[in-house]
Structure formats: C-alpha cells, structure tokens
Amino acid sequence: MDGIHDLGGKQGYGPIEVNDDGDPFHEEWEGREWGIAQCARTPGITIDWWRHCRELIMPIDYLGRPYFDSWAQTDFSTYIEAGWMTLEEVAGGKGGTDDAAHGEPPAAMTLQQVLQEDHDHAHRFDGDIDAAPAFSVGQRVVTASHGHAGHTRLPQYARGRTGTVQAYNGAHVFPDLSAQGIEVHQHCYNVVFAASELWPEASGSKDKVCLDLWESYLSEA
Amino acid sequence: MTDFDAGKIAEIHEHLHSHLPSESALRVKALETLLVDKGLVNPQTIDAWVEAYTEEIGPKRGARVVARAWSDPEYRKRLLEDAPAAIDELGYLGKATAHLKVVENTDTVHNLVVCTLCSCYPFSILGIAPAWYKAAAYRSRAVRDPRGVLAEFGVEIGDEVEVRVWDSTAELRYLVMPQRPAGTEGMSEDELAELVTRNSMIGTDRVLGRE
Amino acid sequence: MDGIHDLGGKQGYGPIEVNDDGDPFHEEWEGREWGIAQCARTPGITIDWWRHCRELIMPIDYLGRPYFDSWAQTDFSTYIEAGWMTLEEVAGGKGGTDDAAHGEPPAAMTLQQVLQEDHDHAHRFDGDIDAAPAFSVGQRVVTASHGHAGHTRLPQYARGRTGTVQAYNGAHVFPDLSAQGIEVHQHCYNVVFAASELWPEASGSKDKVCLDLWESYLSEA
Amino acid sequence: MTDFDAGKIAEIHEHLHSHLPSESALRVKALETLLVDKGLVNPQTIDAWVEAYTEEIGPKRGARVVARAWSDPEYRKRLLEDAPAAIDELGYLGKATAHLKVVENTDTVHNLVVCTLCSCYPFSILGIAPAWYKAAAYRSRAVRDPRGVLAEFGVEIGDEVEVRVWDSTAELRYLVMPQRPAGTEGMSEDELAELVTRNSMIGTDRVLGRE
C-alpha cells in the first residue's frame, strides 16, 4: 500500500536525533513491549502480515507515537483480529467473563531458554523452487511502475526505475502473498541503482542505492 | 486464527485510536495485563527477553565479529562468504541474522544500512536498534541524502568515496564492516573490539579509534 | 518537495467524514484565522511561497491539527521569517519592547469594503510570453519522472505518466519559481490521464484524471 | 520582506511545534493579539471578513449560477465559454474564481473536483470549503478511488458513466454544473436554485431534487 510507512525519500521530517546513549530500552514499557512481541504471536501469523498491520496504523499515530508503541498497537490489532481479545476487553482494560478464554499460562522461560530460542529463531526465508531465475547478475532490469493496495516491499521511490542485478539471493518467501497467509517462494535479487536514477539532487553523483527485490517486481530493461 | 483481513485491521486501529489510554506506558501495561489475564503469556518470560536484550545480546557481539575479522584473515574470508555460519562460530546466530550479509568499507566505498519500509535490523548481532534508526528522519533521508545524514553524525565523506546505501527490503540483513584503523597493528582482538562502535556497523560512523 | 502534503493516491487515511452542516466556520477561531489570512500578508509574499511554507509544517502537525490551524501555523512562519515578529514574541504571547515595531493600525474595513476587495482580488495568473506553446491540444505528453526539493505542482502520483493535452490554459505564473519570489510565465495545459495509467486498481476503467500542468513538467510522449 | 528561505521556515515550524499553546483557539488568539499589538491588522477588518464569508459569500452564489444556466441557454453558453465573465454578471467574481472553468455533468460523464496538494477551492462562488474537502481522506482518495468516495457520499455511479476527476494543481478552479433534474420544467430560477446543493457543485452529489 502507498502508506505512511513508505518513507524513503520523503521530505520534511527534519534533522536526525543523532545522540543516543546506547541503552536498548529508555523506558520500562519499551522492554515490556519487546518481550511481549517475542512471546505472544497469534497462530498462523506471518512477519509480512504483522508488518502490514503496522502499516495500517492511522498515519497520525504512526508518526506521532514512539516506535515500540506502534508495535503494541500492531499487536493489539492482530490479537483482536485473530480473536485473542475483543475491542470491549481492550477498552475495559481487563479480560471478559468468558472463562473459557482463560487458559493455563505457558511455563516461564529462563534467560538461558530465551537465548536458545533466539538462536533457534534464526529462520531463513529462502527455499527451492522449480523455475530458473529469470535474471542474471549484471543484467539491467526495470522495476514495476505501480504498487498495489496490499503489503509490498517495492518502495515508491524505486518504482519505474532502471538498475542492475548485482546478486542473486535465492528464492525467498514472497511478502505480497505472505501478508495474505500464502507462502510461495520467488526469486529475489539485489539490484543496485545509481542515486541519479532515483533522486533529482543526485545528478552527477556516483553514489548507489541497493535493494533486495523479488522477480515479479522486475522486468528486462 | 487470523483472516488476513486488512479492512478489519484498519477499523481496529481507528477504534483503538480513540479508546486506548493516551500514554504509551499505559497502553503497553493494558496489553500485558490482558495477555496475562487470558493465560497467553507468562510475565517471567517477558522479563527474560528484556534481560536477554539488555545484558547478553547487543552491539558488543557485532564488535567482536568485526575485531575477529580484522585479526584473522581466514575468519574474515568466511564472514564475507557466509556471515551466518561465521557469526555462529561465536554463538551469535539468532533473530534476523540467518541471512546476514557483511558489506565491507574500503578507501573508496562507504556502506550505510537503512530500512525505509519498517525498521529491519540484525537484532542478534547488534541488539535493539537505536531510536534514530527507527525514526522517520533517518528512514526518509538515508536513501536520498546519505552524505547529509552522515554529516549530521559528524562523518565527512570525500568525493573520491562512493556511498552505497542498503535498503533492507527483504529478509536479508546487512552489517557494515568498518575499516581497521591505522596504527592498531599490535592490538589484541579484545582491544580492537573496543574500537568498533555500533554506528560504524550501521554505517553512520566511519573512521574509528579517534577520540 | 516530496512532502506530507502530496496526498493524492496515498492510502490509509480512512473513511471520509461526509456529514457537514454547511457552516463556514465551526469554531470562532476558524473565522478569526480566515480573516487574518485575508488581511495580513507580508510584503513580497506569493501564493506559492505561502503554500510552500504550509508544506514545510512538520508532518505530525500537518496531519494532526485542524485545517485553519495549519493556516495560522503558516502565517506565523511567514511573519517570523519576514521579520514581522520574533520567535521570542510568539513564545511570550505579546509584542516586544521595540516601540518602532508598533505602527498605527490600518483603518477598519467595513463589510462593503471587504466584499469589494474580494471582488477586486479576482486575480488572473496568466500573461503574455513570446515563446509559442510547445504542445497542442490532442498531443500525447509524458510527465517528468522527478520532482525537486522546492515547491512544485506536479504531484507524485502523476510523475512519469503519459496523458493527452485536452486544453491550453495560457501562460501562467510558474509556481516552482514563484515560490522563490521569481515571477515568470510558462505555458500551462490541462492534461487528461486514463485512471488506468495512474492506478493499479483502475485496470479496465474508463475513468479519467485531469491536471493543469506547466510546460517544463512535460515532454513529447 | 521575505528571503524565501525554506530551511529557515522549517526551523521555525520545529520551534513553534514546541513553543506554541497546544490548543488551536489559543494559537490563533496569540496570532491575532501579536498582529494587533504591532499595528499590522485591524480586528474590525477581521470581523468584516468573517461576516462576508458567513452572511454574503457562500454556495448560494454557485447555486444561483447553476439555476440561471439551467433556465437561460444563452447564459449557460456564456458560462461554459467564459465562466468568470458570466459569474461577474451576477456580481460573484472574486477570490479564486478569476480563472474558473465550469465542467458539465451529462448522462455519461460525472465530474469531481479535488485539490490533492493543498485545498484550492473557488471561494467567491462556493464560500469556505467543507471540512471533508480539506481533509487527508478526501484529498488522498478522490483521485484514486472516486467511485468509492462517491459511494461514501451515497452517490452510485453506473458503469456507463465516466468519472472525470479534476485535480486543482494550478490557479484554475473548477465548478461542476450538475444535471437539471427531470420534472422541473415549470420551476422558476429561485426554485431551481434551491435544488442545487454545494456538494453537487464539487461533484460529491449527482442526482438533485430527490428527498
């Protein structure tokens, strides 16, 4: 979707807050939200569906609320949509009277257990498919000029632009369909674009921008 | 189970906009309370995740990887060829690093990593991303005005250097390998690791070892 | 600039508040701001500079504040930039001690006088230029694929798209330069685009979108 | 005098973001107070502008123009050929109508007006724009999903009708001339004017005269 999340190249967001003390969490609730997101996932959820749910946050909230707050908002939305909780319960601040919904809590995990789970969560998204890659390294390609209303990973700034395939990444889960719960793999490439192809200010620059893009985003240039 | 119904999600967001507490802390508290109340999470597991990403997992891991690559040419080679396997030698494989690529700075190339569409980041090797990495200013500007962004971080890039920006649009993650500073020939891996800043592994720092 | 103001085709802004009671102002301050904007303009200001100053409002304020509030914000910024008031005075809520800044107030205008001024303000932006129009009605044209960091009136959604000139509007003040205080006229055309050229959802539609575009935004298709 | 310095304006906006009162009414009050304090505006002139756009200038002017065009074929012809001159016959020329164009609905064409980049509107003939016209939802969707927008206004557009959206990107302004309803042959111009809604002249209303 052409949503507020598609920020690459947008202007007017001001200077960067470069100072950072290096602490992972600056307020306690940020850590709580990080932890919640690690251990409370609805069945059948995909990373792309979760990202799309975050993209669907109202623009004013997307821009106006702290980062981990937008994770909480996304979690709320996925939990409610999946039937884990209701809008009424959220507004009321506690679970309803439906005792059936109250299960035994999962066992507590120790630090060592979550470290092991973190390690085991090193999930790769590539897999084998029958079709041969349509493009080869060094080939010129042009990106699609249109997106679509759903989740997609071709940013607006890189649409209808010509670049060069500089690496083949393997066949990766296609996010546009994964966000609909459909897992299919599609060849994915790293494509390098001259900055001057993307930005009016970059005329004469030798800088580059590199994106990982799926085959259906690309055509022969 | 989810129905993957985007229209319903949009409606939920609008509803929550007016029905949730106005403070972030209260919203997250409400979320945890409901999840615990329903027996869906164990708060001690949340504690453990917070501890893991506060005490154990953070940019020191990335710094160790870089220092080893500087010290050991064979490790460096393995890292550039298959970063997940190389970081797993140190036990650092984990969230968002299963398909890691290391991109190397040189005298004529500077690499900078961003995620314009969300805030993808190689958690298990760099920990929680800094606030600026997740903010609209960095996400919008890094791809369009990388030299201006770097200047705000105090990094001047000469005309002879090509800036290469990596926008994390897929499940690959990028780690910048900064250049080993001059005059560090005698340093141990531990000493070298001290020189490697988190920002240098994202690309918003370049010349290391200066005060 | 690729700012938050460039809203055409962006998604996620939710349903339209279609109910409206027809009142011009719903709160008193809205009327006051309307009136202020009609009678307090800094010397040398152009409509395009004023629009650009509005585009430069922080995105969170642009989206989060009521419409006429963004006018007030724009006025504040133009008044301060032009030296009519200072940030300190604005923060303090009253004029400083600089007596020289306190002039005689302009004479009060009556209702009849402002109605007459409204009528006299019917300003046309077209004028004569020597160059002949480069395009003619019926011709196919393609729009520029890049904008620029300043004020421009070629929206993002209509960049790099092919349409047909359906009317010649005359040579109009060119907004991209007018926003820098430079008044030059440039031929301006109404260009009609098939909706299917602009939007992925419009495949097969016969709907059209018409924009008034300046000659330098266009090339022969 | 302005220096047309966009960077300075951006800095001022950031400063004002944190230093102005949080309520719109207080911000505008502060603005008027400063302007009056400095002798730059006369508050009675502000009163007069409010009165002008509350009592005198509004969509009744547009409705009168449409009703006359429905009643008088010669006027209709002049209006379609040179709208500013035609509306000035009624004394309605003014702000943002010096280069007005009238676009006519037919059985097979429906016109809809928007300004995606700001909120351009033909003030002197329609008055102050409705809130929805100035809001992000309408501005973003009218060009991309005009039939969906019209459906939200309760207007169904058949497949045989082409929707033509006019995005006000220059100093031209657009007024939609709705179709004269059937069964109004005997009506006076005054009666006809009563049928013409503001929304029909923007294009978010189509079939007039129904209850």
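Each chain carries a letter (A, B, C and D) given by its place in the written order, and its residues are counted from 1.
Keep in mind that, in the parts below, a residue touches a chain if its C-beta (ideal position, glycine included) is under 8 Å from a C-beta of that chain, and two chains touch if they have at least 3 such contacts.
Quick caveat: nothing in here was measured; it's all calculated off a predicted structure.
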item: Given chain B and chain C, the chains that contact each of them; value: A
item: Centroid-based (C-alpha) most distant chain relative to chain A; value: D
item: Distance between the centres, which are taken as Cα means, of chain D and chain B, whole angstrom; value: 49
item: Between chain A and chain B, centroid-to-centroid distance (C-alpha), Å; value: 14
item: Length of the line joining the C-alpha centres of chain A and chain C, rounded to whole Å; value: 34
item: Sequence positions of chain A contacting 2 or more other chains; value: 9-14, 56-60, 63, 149, 199, 201
item: For chain B, residues that touch 2 or more chains besides their own; value: 10, 14, 136
item: Chain contact topology (line, ring, star, complete or other); value: other
item: Interchain contacts, given as pairs of chains that touch; value: A-B, A-C, A-D, B-C, C-D
item: Chain B contact footprint on chain A (complex, rising order); value: 5-11, 13-18, 20, 22, 24-29, 31-36, 38-40, 42-45, 47, 49, 51-54, 56-58, 60-61, 63, 65-69, 72-73, 75-85, 87, 89-91, 93-95, 101-111, 113-115, 118-119, 121-126, 149-150, 153-155, 157-158, 169, 172-173, 175, 179-181, 188, 190, 192, 195, 198-199, 201, 206-214
item: Residues of chain D defined as touching chain A within the complex; value: 10, 14, 136
item: Complex contacts: residues of chain A adjacent to chain C; value: 1-4, 9-14, 55-60, 63-64, 145-149, 156, 160, 199-201
item: Chain D partner contacts - residues on chain A that touch it in the complex; value: 12, 14, 59
item: Touching residues on chain D, where the partner in the complex is chain C; value: 1-6, 8-10, 12-17, 19-20, 24-25, 27-42, 44-59, 84, 88, 91, 93-95, 97-99, 114, 116-119, 124, 127-128, 130-132, 134-141, 143-147, 149, 152-154, 162-172, 198, 204
